[in-house]
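Down below are the structures I want you to see.
Here come two complexes built around chain A, the first alongside chain B, the second alongside chain C.
Entry: the complex of A and B
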């Protein structure tokens, strides 16, 4: 740690410090004890030195850009680069049908959120209750969660192509072909479906970790009382796992808002007719393709606000749950 | 013994079908990668009649996936090593040492979790460009470290909190400095957590496409996942070669999943239960 070294040699240790080690006193003043005392100071600074790289990286590359971005969203693009334009970017943003479509799709995701949480929740419940074969399911269900969205998207491009295998199978049983990724009324549902297929394993693992903390005697009691499976889920499992459920809600929502880029990029590129835009894809297009960084910053700020609302909602839900207990 | 009585087997049927649905697309891709074009057009679902490597060789050499793979490995290894080093230092300080401002610093790290990459990507691209780090390995590595550091610190801090402080005290009495404690005791003791967090971070970096697209624009520095996205345009008519490219990109993850599935799941679970 060169930093610590230079600090101690420049600044002497302050007086009046109590030494804990008594055998230190007889040491002659000068070199050795100086280094020792310098070492003590270094020890006290140690936590800060250990944290310095982390703080530096997080402040410079995470928190500072956040401030910069909000600032940036009030300035202009192109000819007006660097000049303050007030709310112009936001006005343009909300007038842009593509961005409005992206926000509508966010609304759709919010509506589908309970389904995306219920699927891993129910499956984890069945696995916990030892459905026949319960040892095998987790490995299978969790598998797509480790694959890159790019790989998942590429595989489904192949499966869902108009002349691809899925339509061939459906054709075999007499169902006409659907243009899964080319029909604006269908494409967004397909992409969200693929996202859920790829990520429900994450939620499942989190739920199973939650079940590990569940008091099994409650379940036995419910069984002795003759509770049916739906009754057990509603009155025993859901209340006991309320924290886990909320955690999965929030992480699933954040996942939907921030990790579908790869799928959109590979599967639809925002099309057909802009029907599969999400804010993150819009930001990418404006920044990378249209050279409109200030407009992209405004979209980023809106996305950040949406995520903040999700976070605050989580906190208020948690508080209410704690009060109920 | 099933705790779900009579109906248990009724549930097992749809759950098995779902398990099949999560595995089959990958199996399908592997099978297609082994087929000839003619074989694929005649019957998409039949088993390949031989294990063929030609398509894989084509994807490897003509698209340049080999080069992209090297880029990915370099960036992922450097990022994970840095993440574990910086993250364990910070986690040790926050989880084991008592000092003024520790809880504020911990909360500051957590706050960064709420600013996802999409929110900071425009100014970050500008900062990187100003620093001359766009289209360089260090630039992408720094971006990955910044992206996954808060999560790493969070997990390492929770892990180090579970280690009794008596261990540190004993080591201090033996004459170790704080740094000595970190190097000789905390790093080895943290091995299980470092392994879990390291694998998760490796997966995150390996699977990323957005950060890489943004910061590595030139073809020679492309990472593997970005390389895979370019397959589609080139091989839209040659599905077996396309599938081979996808397979090349998926193989490292498949291998990691086969051997280290438990550590991955543990890492995900730790992130949820310690919150």
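Entry: the complex of A and C
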């Protein structure tokens, strides 16, 4: 029965919230058709009218500009302003070692992501388990999250300067100075480290909110059974917080890919030797400094696709991981 | 279901790729603005140091055109050219516009009025016209000159037992003097900031005249650049040598030129710095820390025998007139007022700008200002200003690799040649 099939295909939307409870699907196909027969026109239109404001905002302010941007990326810059150039911008992008380096750095960020999630996760666990001084830690950890990246960058610029305090301390214990922000092999890790320091408070708060929903009796049971701390984390906390972890993973990834501009701008300006370029910095340089808005649009489109793919991959990977647990 | 959702998206992208249309340029509407009023855009008039300059220029203009209102709109510099671009697209921008010399004004020359017939009288009095000229037509009258003198700290010279009145004139002497200074005072030779890649630009322009023959220099400026010549390689080799010989301040690739490198010089941790003539990082800034009579300016040492070192400078900033202005003669008169001797004297005295008007008396500015102005007559355009912004960006990154030793000079000039020819 084609009617029944098309109704079934709508199901996931409804099931989005209840997800693992398909047996609770409310109406059998027969009941639906009965109601549709009796449904008045006004009732049929109501959902569309209610959805209209949200849909219009998304279409006009999100999707339409996105389409314009993608469209713009197929036109030329400078003398070729406004003319169709096909895929020239994309070809130029992927021939540019600077942009390839920026994409490599995105890969590095993805690899460092577990660390960036583990830090707030672990610290939140300690706070939840009431280590001594946990109240103080809770506010101390969150504090950097309220600082603007420019201020954080300026502070660390001073701390990490070649003749700055960190190198002075290291020199005091006999370790030679490192040019933290001037060595292309080190600079990216330093900037990511500072970014994690500045933003992990947000993830921590989300984790603490997740802990609030955690069933305390499970923890008590684990304790009674004599589980060690690592065992408690592995078998009780992680499975219970899988949704939270998933959320923190995705938001941290998005934060890393789109909010590091301020830090990069202040701390390294993409250098040394272009080693700390990220796509967003590249986009800004091409658009603002090099006067190449169309090329910048192409880079934005690539960044958008990368984010889309990385985000979808993460969600599916995490879903699978959650199911296995 | 899935297929139905995917296909329209694929088709839409394909349609965009094939028929990509739309552009950055909008439709041009007719100019706005009212009679009896001129609007000026700049990024200077909001600064306290520039106030006497603006006042003098306004007074001069009011004498010629009583009853005409002049409105100065100060824009933030970081967004200046973006805002200006929007105004140009709509064709309803200001009447008189401040520009940086070089690429900034040349890229936008088709929105400007040629001023040659209006500024003929000022030709001799002012310098730096080339930076505001495109295809033989002048689009702005210069206000300041911008260039790259080599500043030195006379106190450190004295402490090291050197004569501050006669700094080295050849590269080997210069290296020897630096060694003496470092040994006696602990100060480095150069304060260098190359985090943004500006260090190499200043280095190239300040020392280039001591490496290139006059012919090579003029060819470079004219666009005939032979990147494989031994002289070009010599400059980049020299850049690397200064680092290898530990002449530079520590961590140049992580030091910002504005203003960390200048701070190193001001705090006497380095004896020399390649600075600017106007705006920031210039003689007046340095004089406040080192005192005017302890700040010296030297010519580039001769690196390749037979060269004649000269000061590298171009027109710094200047006012142009928009094509859409109602009364071009009146707007041009305002430009002339903005570059009148009286106004420029005030700009020099208050903001420390080296003005385009070389008849201004700078004897009060100390030896540095006097030395700079004395060298303007024989000066030449800066080498790096002739390069495209793409090439400059690449040069910045390559110069950092040279400092860290991860690239050879041959590879650098090869990449730069490719970029220069493409742009």
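Brief remarks on what is shown
In the analysis below, the second predicted complex is superposed on the first by the 251 of 325 C-alpha atoms of A that agree within 3 Å, B and C clash if a C-alpha of one lies under 4 Å from a C-alpha of the other, contacts with A are read in each partner's own complex, and residues count from 1 in each chain.
Here is the rule we go by: a residue touches a chain if its C-beta (ideal position, glycine included) is under 8 Å from a C-beta of that chain, and two chains touch if they have at least 3 such contacts.
Predicted model, so just to flag it, every value in this text is computed and none were measured.
When the shared chain is aligned, chain B and chain C each come close enough to touch A:68. Note on chain A: of its two partners chain C and chain B, the one contacting more of its residues is B.
Applying the stated contact rule after C-alpha superposition, one finds that A:87 touches chain C and leaves chain B untouched. Shared-chain residue A:288: touches chain B and chain C both. When the two structures are aligned on the shared chain, A:273 is found in touch with chain C, with no touch to chain B. In the superposed model, A:311 lies in contact with chain B only, and not with chain C. When both complexes are overlaid on chain A, the residue A:171 reaches neither chain B nor chain C. Shared-chain residue A:239: touches no atom of chain B or chain C. Touching of chain A by both chain B and chain C, each in its own complex, is seen for residues 68, 72, 288, 293. Taken together, the chain A residues at the contact with chain B in this complex read 1, 39, 42-44, 46-48, 50-51, 53-55, 57-58, 60-66, 68-69, 72, 123, 126, 129-133, 136-144, 146-151, 154-159, 164-165, 168, 197, 201-202, 205-206, 208-210, 213, 219, 223, 229, 244, 247-248, 251, 254, 257-258, 261-262, 265-266, 279-280, 283-284, 287-288, 293, 296-297, 300-301, 303-304, 307-308, 311. Note for the complex: chain C touches chain A at residues 1, 12-13, 16-25, 82, 107, 195-197, 250-256, 389-390, 393, 396-397, 400-401, 404, 406.
The touching residues of chain B, counted against chain A in their complex, run 1-4, 7-9, 11-12, 15-16, 18-23, 25-26, 28-29, 32, 44-45, 86-87, 89-90, 92-94, 97, 99, 102, 105, 108-109, 111-112, 114-127, 142-143, 145-146, 149-150, 153, 177-179, 182, 203, 206-210, 213-214, 225-226, 228-229, 231-232, 239, 242-243, 246, 249-250, 253, 256-257, 261, 264-265, 268-269, 272-273, 275. Put simply, chain A touches chain C in their complex at residues 9, 67-68, 70-75, 81-87, 98, 160-163, 177, 179-184, 187, 268-269, 271-274, 285, 288-291, 293-294.
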